[in-house]
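Both complexes shown next keep subunit A, but they swap its partner, so subunit B is in the first and subunit C is in the second.
== the complex of A and B ==
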């Protein structure tokens, strides 16, 4: 193992450990804001793995879109809902837990089967390297043109749908209550002289 | 084979940006007077006293702005490879990118007309 491989291995271990522990923190921490910030750390670790794989554009897109935009959206979503102080006991909670466990075990089995059955042969095609972005661009406008154009329609649908949902246009006025103006509670204060006090 | 070749500047930026908070906090620790009065325990020293908790319900407009930002952020990521490979794509690529942008401009016009971009 030479120096370059050592650097790569150490970076892989650090990034992988960071990713696993931050992902565990997302699930296990009870404070949802900490979970959101740890999710950002997970995304950043994934982006570091992309850099290790020499996929600079994907790493930059990961940071730009997931950390910069999606995670901010998640944080705003958390800020939009009211903080729940007490959680009441859910009846028959084991049903939901069993269903979640079954789905997660099935997903784990599926991915595990795929990992073991995939040949993982290294492609003999020359690595794109610095030209990767150019190659991606050429694919976008030749054989991946239809998905590229469909992506714009998907973004348009997402934008229009989000605006309609946020403006609550689909609800009649009876159902959507008029939101009261937000006011901060005022605390009565004693009047204090602001000038210099006499010393006598 | 050094797989991370070409990322020397990235490493430099990473080191400098991680040093910034350390240097800023360390310098203020060295420079500031050691005695702490009761005023320095407040949230904003010599500022307004905050009222209520920090975790309040935010206005939905913040969410709208973040959402519109996500959409156009993704659009930027899609357009970047087009800009890099522009000289190889020719006129057809230009027209295709114009179609892509035109579809999203419809969304921008919709957001504008519906007032999603206004604070008021």
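== the complex of A and C ==
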């Protein structure tokens, strides 16, 4: 094992451990802010794994999209509505937890068997490396065109939905209870006290 | 293209000639450029702080620092020593872990981004294929540090400052990335070396600032907002928020924010000079000068001179931009948070989209001038 392979191996072990423990922390910690920060750590370690796989562009995109955008928005959401609320104890809460645990263990077993039983045909072609951007681009505009366009439509729908949600709070004001004839809908204003304009 | 000086090649060859195996020789080389870049980034803080103090003083008709070192040049060292020896206080009801990690998360990506800043054809730590994209990705990590610092301080001003910083970073990242994309479109690649080489044809007439004037202005405004420089320093607006997310910080933890902001300023100036001002290229191409003087371009002395000229040119352009930001700081009043977000989303974003569209159209119509 030469130096480069040794460094790769050590990085793989560190990144893998970091990813597993931070992912466990996301699920198991009760403080949601810690969970969100650990989620960022998980994403970063995934991007580290991409770097080990010679996929630099995917790694940077992972950091930009998941850490820089998704995770920051999650944190933003948590911090803007960080309402401390004491929830009342639910009776027999362990049933739900046990069921969740069983489902998770089942899923883990299923995926584990799939991973071990699948004959992974590892490509012997050299990694694209720095040419990866061109390869990805060509795929996007040839055989992956439909998913690419569908994803953009999905984003457009989300954008329109966000705008509709953000503008909605003005609607109840517009629906005035009794609209007098020949008036335009207007928000109620505070009445200016008489005498204020005396100084003009 | 002129291959320039290959320091790595000559260094490794010299070590191999001394009898070291080639693997060891390359390993010995590896940390050297990184250390050098760290030193460059750290020294740039001192220069930036000194410039900031002196130019601010000039703008306000004061003298500024003058006793610490020659013409006050060591003032930043004095500040740093003071920060190191200050008591490191963690507020009682804060979250000690997040409080300590926050500043580090702000600083580390900034230093990492120096990986891709070129000072010459081979004077760069790594010529990554994703180049400039790495900088955009890394700079998107900083808001997490701001949020972490703001949240863990357990102080409403800190939290507001952190939220503002994150909102500001997210909204100005998009016009920033779109104006970089227009440059990338003309270069046909993301590598910073390619971006400079594509501009180096006709001296200063070939620089991207002439072909991307709108992109340059958008990039500059967004970079100022990303650095939280004065027209956009809302996260730490001292009249409204005490000092934003830095309120509870003291000692070297505050020092890290300070270091991060100045290194980020320097980094942004370097990136602007690479993207729009021709990086290390001299206003008149070196090839033309050597042709006029009748010396060979590959002569060792000429190579050495042109490499030094490249480093000096990059730094001159970057510090000129730093000077501009400091002048802007004392010229332009601070915007309000709603004006800031309006400017980002309703003005810069549409304009940068149109700029991208225009660049693509011009590239198809005039492929010779827009890198077809």
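Keep this in mind: the second predicted complex is superposed on the first by the 159 of 200 C-alpha atoms of A that agree within 3 Å, B and C clash if a C-alpha of one lies under 4 Å from a C-alpha of the other, contacts with A are read in each partner's own complex, and residues count from 1 in each chain.
As a convention for this text, a contact is a pair of C-beta atoms (placed from the backbone, for glycine too) under 8 Å apart; a residue touches a chain by one contact, two chains touch by 3 or more.
Everything quoted here is computed from the prediction, not taken from an experiment.
When the two complexes are overlaid on subunit A, subunit B and subunit C occupy overlapping space and clash.
Of the two partner chains, subunit B and subunit C are each touched by A:72. Of the two partner chains, neither subunit B nor subunit C is touched by A:106. Judged by the touch definition given at the top, the superposed model places A:158 against subunit B, while subunit C stays out of reach. Residue contacts after overlaying the shared chain place A:133 against subunit B and subunit C alike.
Here subunit B and subunit C are compared by how many residues of subunit A each touches, and B touches more. Once the two complexes are overlaid on the shared chain, A:17 sits clear of subunit B and of subunit C alike.
Once the two complexes are laid over each other on the shared chain, residue contacts for A:80 go to subunit B and to subunit C alike.
Using the contact criterion defined above for the overlaid structures, shared-chain residue A:57 touches subunit B and also reaches subunit C. Taken together, the two complexes place residues 33, 56-57, 61, 64, 68-69, 72-73, 76, 79-80, 130, 133 of subunit A in contact with subunit B and also with subunit C. Per the touch definition, subunit B reaches subunit A in the complex via residues 1-4, 6-7, 10, 51-52, 55, 57-60, 62-64, 66-71, 73-78, 80-86, 88-89, 92-93, 96-97, 99-101, 103-104, 106-107, 110-111, 114, 116.
Within the complex, the subunit A residues that touch subunit B are 4, 7-8, 11, 33, 51-52, 54, 56-57, 61, 64-65, 68-70, 72-73, 76-77, 79-83, 130, 133-138, 140-141, 145, 148-149, 151-153, 155-156, 158-160, 162-163, 166-167, 182, 184-187.
On the side of subunit C, the complex with subunit A involves touching residues 23, 27, 98, 128-130, 133-134, 136-138, 140-141, 143-144, 147-148, 150-151, 159, 162-163, 166-167, 169-170, 173, 190-191.
Listed in rising order, the residues of subunit A touching subunit C in the complex are 2-3, 33, 37, 40, 56-57, 60-61, 63-64, 67-69, 71-73, 75-76, 79-80, 129-133.
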